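Note that chain A is present in both complexes that follow, paired respectively with chain B and with chain C.
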Partner chain A sequence: MTQSIAIKIDGVSKRYGRNVLAVDHAKFDIKEGEFFTLLGPSGCGKTTLMRMIAGFETLTEGTIEICGQDMHGVPPNKRPVNMVFQSYAVFPHMTVAENLAYGLQIDKLGKSEIEKRVKDGLEMVRMSQFSDRRPNQLSGGQRQRVALARALIKRPKVLLLDEPMSALDAKLREEMQVELVTLQHEVGITFVVVTHDQQEALSMSDRVAVIEGGVVRQIATPSELYEHPKSKFVADFIGKMTTFPGKHRGDTNAGSKIEIPHFGEFQCREIVTDSPDLVVGIRPEKIEVRRREPEGDVIKMRGKVKNIMYCGGENHVYVDVDGHEIVAYLQNETRGFHEKFQVGDDVWSYWELNDVVVLDH
Partner chain B sequence: MRTFSSKRIGKSKVIEPLAYTKRSVIKLVIFVNLLFLYLPLLVLIAFSFNDSKRNIVWRGFTFKYYEKTLKNDQLMEALTNSLQVALLATFFATILGTMLGLALQRFRFPGKGPVDAWAHMPIMIPEVCMGVSLLAFFALVKIPLGLFTITASHIAFCIPFVAIVVRARAATIDPAMEEASYDLGASRIMTFWRITLPQLAPGIIAGALLAFTVSLDDFVITFFTGGPGSTTFPIQVYSMIKFSVTPEINAASTMLIVLTSIVIAVGLVLHAKTSEKDSEL
Partner chain C sequence: MQNWRDEKNEFSILMLPPAFWLVTFFTLPLVVVWVYSFGNRGPLGETNLGFTLVNYVRAFELVHMAILWKTVWITIIVTALCFAFGFPMAMAISFAPGKWKLRLLMLVILPFWTNLLIRTYAWIAILRPRGILNGGLKWIHDTWYSLIGYGVEEIPKFVPWEILYNDKAVVIGLVYVHIPFMILPIYATMEKLDKSFLEASLDLGSSQMRTIFRVMMPLCMTGIVSGAMLVFVLTLGNFIVADVLGGTNSLMIGNQIARQFGAARDWPFGAALSFVILYATFILLWLRSIYAARLEQRDAKR
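Showing the complex of A and B:
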């Protein structure tokens, strides 16, 4: 069964004044029940895109459909979506319970129905004991839960969240990430989340759209994004990656031949047909480092250890290869299967052919 | 935590920013200041109970000047006029000033700059000029001078006071509040009544208080725009004082002080009530 589409974004652009193109021809679908994340650096247009879905910004170009309905000219209060604001926007002159009831009162629901839904909503975010508090008596995390419950008990088709974790400290953020995912599974509502934190995007989402300068660069599942980024930007933005300039040297049945100047040639799995100039990348945890020259069908490079950073569970080893920096993450095992290195050691770094990623420039 | 003063050695203690009032020199300065401000008022109130025709020596306690004041029809009429003008002016200036303040804070519209500058003119230009120009205006459009013209003028110069306070208050409200309200399904009007107005309330009340007191004791503009039969309290007192400062005037002034104090106290209680709910997040 194919999932139906919750939000259809079709050729959407947003221009502020003459010069600022905040969103540039965005075109993608968000499926029903999906946890979808808009990821990108500051100023790339994530908020703008989300505000266009919510109806707070007009489109310069294109159309947005929500559940099959064109949203052109539909004001925010008539759209089947609700938003959790970055500042939470919990009404300060109302108690927690009044905040939750507000949206339901506007829908003119019956008194008992409102009471019941407010009670359920408070339970859902585990805030029942705070129902009579005022927002200024709550912590940031608690206020966020109020905002979340207030939007969810309206039972929208889609819930939009603008940087929901940015005001929380690291520990609470991780807790809320887990909670948010659990909650989404419970209620089954489509979530669209804006974030600039790649870790957050990878851990929570079903699919992620990576945006750069208003342009959607890649839309994929977290593992697909990490393992097979399409461009250097995506590869760099999500995790770390050592990259080399590469040259396309013709195709065979098995794939393309690619040369890394000064280091040799290798066979790529896929056929790369685009430009002759490419970028070859390799994730740091796929790289091995050792003193003896490795044998077998691997790509290997000789270099000197430049720096070692102790990071608890793993060591980040920086190896200098003819001016190129290679980063390897080595497991930190006290039993010592790995050799111990020191800065200045001559080492080989190597990796499997399969682990190489070929990127667009 | 490291503070600058931790480097100091010896007697001088670290003083918190708000603890300066604990120093005796500063206490003295504050005391002298307050004395300077309030001593004349205290003298005035005290002598309104003085059983003597002149305000020089204390001759014993009496209420008789209060009786006299209450029986003085001219003074009572002036007082009623003043209160009537002040209440009406406050009412209208608060509504219009709130609208102006909100518009200036929230919206960009063609000609906003001039409107902004124009709106604050009444505070900046000398009252005499405003009085003269209003007088000229009323003469031009042939409106007879009286309570109506006084009230209209008071509304005009009270609006900016309200607008400034409301505007400052509006600037502290997160615009996402209103957006959240639309997002939850409310119309613009509903959002104004249930979200914007309650959060503006402390500003509106403060603005109204300001308008009320400014209107109540205005002399210059009232003097220019008033006519026969529309004497207000300050003007009446002034004309009485030209002959002599009688304890009667003291009594009347004391009553006015008490009255305004009550109004302001009520206002402040309301202000505290509306603003305590959302003291900074």
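Showing the complex of A and C:
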């Protein structure tokens, strides 16, 4: 199925003053009906990019098209997008119902139509019983729902959400993540979310754009991003990864030969790279730890347990291998499993060849 | 430094000088004037203490009530004009780029460095028949007629706009003197305002104008109310502007009171007039607090 494009970002740059380049030649498409996330550390330009889509920032270079229409010179109030602000910006001098109606009154709808849409909107976010409340009588989560409903009943082509979960506590955050995804499937509107929380990005999105220093580093599905990161930055930013410097030792029919200095050589199942210097990475949950030497076609390293962090569901075991630290997440499958290893134990840590990630240096 | 009870010593030391100051130089004189308001004027203009309500009865005579009524009207107009000009000015300063903000604020505060009397006299130079304003109007008048083909001798004589020594001049002068008191509190609330409220309004499809009236103004209400109260109170008591710029008919209640303490040498009556205004202010504040409490009750019921 070919999906049509909701937002086309083409060579977009944003410069503040002479020296600050907040967004550097961003170029990608967001598909219709997609849950798309802009992920990156604070100050990476993701919010600037979103504000350019909403029309609050001008572009220094490039074009933004929304549903095939060039947005150059179109003010925010004339764009077919709506935004949920980080602070929610629910008007404190209006009731919940008045907040929802505020945006509709401009669309020259009849009074009964506005009332119906406000009612539907409140039902959608399960806030019907609060319609006469003032925002200062609502909790953070409830305020977020009001902001969400207020934006959605405008029936935008694209809904923009700026750090939607940052003002919520941890428990509520997970609840709202599920709710947001469900809601998106219900309404079928394209969602664009800005966040710095990689967990949030992975769990909610159809696709994620990882941004660093104003540059889009990788755009991929969450699993692709986690299992096949393209750069060390992406690998480090999303999840944890133990890395070793590696050397490319030529290719065979089977795949590239790669040497990890001091630890030996191994054979990849594919041809991974051309550059001689590279980084070999492995995710902590893919590493096994045991006392006896493992057999078979695995990469194995002998070391000493340096530290153990008990995290309830899993143990984080830090193994020291000749001054190199390997982090392994071991599931506490049975009660008492967490006591299996002690600090100072001699152990083997090992992993499947398949699980190795090879990154350009 | 959490409350008075926990740090008795520190607070008493801090509070003693201002308390002494207020009692000596504010409360005591006020009590003296209050006592005077029940006294009577001696034949030579001296004040004899006593207890009589004659001064108050006189204060409620039609002549004085008419002046008070007119003063209140002028004050309302001045407050409204201060808001109409002050709100956009506060907005302009608040939205100005960083380095301009301070300069513009300085321009608002700058007139305070000059004596009020001198500033008021400057308006005479502007408003008088051969002043700056009428000079400009005359130039426009002459230029216009020569442009549409009148010869130098044919141009009709320019009649200056009579804007000095009447109520118009008083209103202009009062607005000029008091507008900073409107701008500054509104500016202060605007600075604290989360700008995403305005962006949210635009994002929901509102025009800039609708955003100003439906979101900006309601959210700046605390600043508007304090600014309006400051301007109202200061204008109500002002007598210098009416004295300098007003005509014989532009008497405000402040002038009337000042006259009793000055030329008329009738301190008891002046005191009574002052206190009538003070009582009226208290009643207004009391009504306002009742109204505010009722609003709060209504909101709590929701």
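Definition applied: the second predicted complex is superposed on the first by the 354 of 361 C-alpha atoms of A that agree within 3 Å, B and C clash if a C-alpha of one lies under 4 Å from a C-alpha of the other, contacts with A are read in each partner's own complex, and residues count from 1 in each chain.
The rule is short, and it goes like this: a residue touches a chain if its C-beta (ideal position, glycine included) is under 8 Å from a C-beta of that chain, and two chains touch if they have at least 3 such contacts.
Quantities reported herein were computed from a predicted structural model and do not represent experimental measurements.
Overlay on chain A: chain B and chain C clash in the combined arrangement.
By the touch criterion stated above, A:76 is placed in contact with chain B and with chain C alike. Of the two partner chains placed by the overlay, chain B and chain C both lie in contact with A:54.
Once chain A of one complex is fitted onto chain A of the other, the partner contacts of A:103 extend to both chain B and chain C. Once chain A of one complex is fitted onto chain A of the other, the partner contacts of A:222 are absent, as it touches neither chain B nor chain C.
Judged by the touch definition given at the top, the superposed model places A:93 against both chain B and chain C. When the two complexes are overlaid on their common chain A, residue A:132 makes contact with chain C while staying clear of chain B. In the superposed pair of complexes, A:150 makes contact with chain B and with chain C alike. Residues 54, 56, 75-78, 82-83, 85-87, 89, 91-93, 102-103, 106-107, 134, 147, 150-151, 154 of chain A contact both chain B in one complex and chain C in the other.
Those residues of chain A that touch chain B in the complex are listed here as 54, 56, 75-78, 82-83, 85-87, 89, 91-93, 102-103, 106-107, 134-136, 143, 147, 150-151, 154.
Chain contact summary for the complex, chain C toward chain A: residues 194, 196-197, 199-207, 210, 214-215, 218-219, 221, 299, 302. Interface of chain A with chain C (complex): residues 54, 56, 75-78, 81-83, 85-87, 89, 91-93, 95, 102-103, 106-107, 132-134, 137, 147, 150-151, 154. Only residues 174, 176-177, 179-187, 190, 194-195, 198-199, 274, 277-281 of chain B touch chain A when the two sit together in their complex.
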